[in-house]
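Scrolling down, you'll hit the structures one after another.
The two complexes that follow have chain A in common; it is paired with chain B in the first and with chain C in the second.
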Partner chain A sequence: MPTTTEDIRDFIHAKFPHVTIADEEDIFGLGFVNSLFAMELVMFLEGHFGFRIGNEDLELSNFRTVVAMERLVVRNVPAAA
Partner chain B sequence: MSRARVGIVGAGVMGAGVAQALAETGHDVLLLDIDDRTLAAARREIVHHTRMRRLLGGVDVDPETVIAAVTSTTDYDAMCDVDFVIENATEQWEVKREVYPRLDRVCAPGTVLIANTSAHRITRLAALTGRPDRVLGVHFMNPVPLKPAVELIRGYHTSEDSVARVQGLLEAMGKRAIPVRDSPGFVSNRVLMLMVNEAAFLVQEGVASAEQIDDVFRSCFGHPMGPLEMADLIGLDTILYSVEVLHDSFSDSKYRPCSLLHELVDAGLHGRKSGRGFYSYALANEAIDEGGALAHHD
Partner chain C sequence: MHSQTLAAPNPCSEWRHQVRVVVDEHVAPGADACDRDARISPHALDVAAREGWWGAALPVDVGGTGRDWVDVSALHEEVGRGCSSLRSLLTVHTMVGHAIDRWGTDAQREQWLAQLATGATLGAFCLTEPEAGSDAAALSARAERVRHGYRLSATKCWITGGLTAGLLLIFARSPSGICAFLVPAESVGVTRTPVAGLLGTRASMLAEVVVDACEVPDTALLGPDGFALATVITGTLEVGRLSVASGSVGIVRACLQAASGHAARRSCAGGTLKDQQLVRRMLTDMVVDARAGRLLCERAARLKDTGDPETVMATWIAKYHAARAAARAAGDAVQIYGARGCVTGASVDRYYRDAKVMEIIEGSTELHQVTIADDADRQMSGCAP
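Entry: the complex of A and B
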């Protein structure tokens, strides 16, 4: 069964198939990702893992890396750990 | 100025964006559309985009407070006591032609009608009413709450008083007005639509992919987004209608719409709002209702 990390990786890879992104890499620092993609990440995480991200968590730092997003999901959906 | 009451006609992408920008800056908004589902979708979009303001580095606004300032209606008569109406109907003349006389009939004499058009001549729209001195154009940019400036267009008969009142409203919204003369497409779309249309021709002819075209504009010119990403954000149907208006207005073949644009629009691939255009997108989770409760999920 795919893990939370793999699901997040797959989503990013589907959007940017020609780029290899490490789990700790800042995807917004790569130069080709704009802030609108951050909105897509929010929609993906909420839709895929079935939770609502609280206003206090809507900070870019929670979406910068695969690791940060995995932590955000696990905090909200413990079963995804 | 005191808290203005603003009517908005058309609850599509632009109408919802203008409603959000007004509600965020303390205005009472009356959002009108002929379709209840469009109104419901607009309310969801307003809540969604208000949440995202924080993420995008904007002001920290409470989605519940913002949406509470927006009243939805399908009844034109509800526009009888608003200070301004901002018209965001689709960019088709047949649609605009019906909207303006109707607004003129129901709105109070002092109401200023603002055309948020990206293509049509303001003077031509004003001629549909008996108040051409109280009609002018404001071309808001998408996403409306994030864009600091607008094009402000006077029609031939627009009065100084109307201009001053609309400038006051724009100031209260935190927008700077750039005045331009009344000509189809004004400045922004006369240039932008040609660029997008030509980029679509490049994709159609196989000269480059959408990704490659946008990469050129981002990487070589330093644009924050390429023309086809921007087209998806604006909506490909709006792009096509705007190009068609330019084509009709100038009778110049340089504005002939690319057939790929026709094909994508006919196929329902309208860009971000439909989940697919030149690119594919994750759509907002419709299971999350207006109040933010998670209604259901798979």
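Entry: the complex of A and C
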């Protein structure tokens, strides 16, 4: 069964198939993602893992890396751990 | 009958039919007068309220009609077919309602949604500034921290519905980043000035909104503190983009209806204009553009209904196609009308002027070209940092 981390990786890979992004790498620091991609990430995480990201969690640091997103998901959906 | 079938490309839901009938009876007939007077008629505003259009995208439990995005798109297409100015007011109002529904606290939802749903209070989206249009990140409006709240200073221009709105959704830069604020239009420090002499959507009650040291409480902050660009702004503009795309499809259909009718009536070289092959080419393009535009809007709306991230690019693509199609169709409609189309009140002159605006608002055509090509580049030919 795919893990939370793999699911997040797969989503990013589908959007950027020609780039290898490490789990700890700052996606927004790569220079080619924008607010539209941030919105897509939020929609993906909410839809795929079935939770609503609250205003307090809507900050860039929660979406910068695969690891940060995995932590966000697990905090909100303990079953995804 | 034949032209009506063409003008209504796909099978019609009960909701769309209901809206269409009301638009034909109450919106379209007064649209040229609204355009001439540069103000939306009280009757059109009342009809929108009576029909539940202001709250179409809001949930039933707050007084909305709880329509899905496919239905909202159909509504904005039909209204846009009758009157782009009314559709523009619906667009920004729907954006504000959606923003509060999505990012509002329980208290904010309680305070605002019921009155927005009925249209008792209208909303306006205040993002654009003299030096910040498509590049929202460049905004210079300021939100200083004061005791128990913020002091806002901003100059916002081209604010659709700015004259009629009771609630302004204002974006400004605070120490933590770009933030969204809910500001009652009657607040001390807010001045609204009508913008006259517009090319298109002339009845959309446009204003320049100047906010001079306006103090609002902490509870005016909507959504995440400092991260509004990637949330409230982007998410709300997506709604606006779907609305403008849908309204643009409506313009194409209005052009088709007008132009095909005129071409069938107008004598030309022993027959009528519609016998001319070059005229038929124009009508054919309108038919195909209307059908393609609606399908693109429906796809974007369906993806939005299921929370699929693909809705983002699908909406950009729909708006890009529909706005350009509207401009093409309106140009051709005026061409078919000839001199008669160059007169205020001909309706096609209004479609022509309104369609140009569609290529500028909610992201210019050129911004769409860059964004859609970038997305294709990422997925297909490698990623250039």
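Keep this in mind: the second predicted complex is superposed on the first by the 81 of 81 C-alpha atoms of A that agree within 3 Å, B and C clash if a C-alpha of one lies under 4 Å from a C-alpha of the other, contacts with A are read in each partner's own complex, and residues count from 1 in each chain.
As a working rule, contacts are C-beta pairs under 8 Å (C-beta built on N, C-alpha and C of every residue); 3 or more make two chains touch, one makes a residue touch a chain.
This one's a predicted model, so the numbers in the text were calculated from it and none came from an experiment.
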Which of chain B and chain C A:N55 touches, first, second, both or neither: both
Touched partner set for A:L30, first chain B, second chain C, both or neither: second
Partner chain(s) touched by A:T20 [first = chain B, second = chain C, both, neither]: neither
Partner chain(s) touched by A:V42 [first = chain B, second = chain C, both, neither]: both
Chain B/chain C common contact set on chain A: 11, 32, 35-36, 38-40, 42-44, 46-47, 55, 58-60
Of chain C, residues touching chain A in the complex: 103, 105, 137, 223-227, 229-231, 233-235, 238, 306-309, 311-313, 371, 378-379, 381-385
Touch list for chain A against partner chain B, complex: 11, 32, 34-36, 38-40, 42-44, 46-47, 50-52, 55, 58-60, 63
Contact set on chain B toward chain A in their complex: 51-52, 54-57, 63, 215, 218, 224-225, 229, 233, 272, 281-285, 287-288, 292, 294, 297-298
Touch list for chain A against partner chain C, complex: 11, 15-19, 30-32, 35-36, 38-44, 46-47, 55-56, 58-60
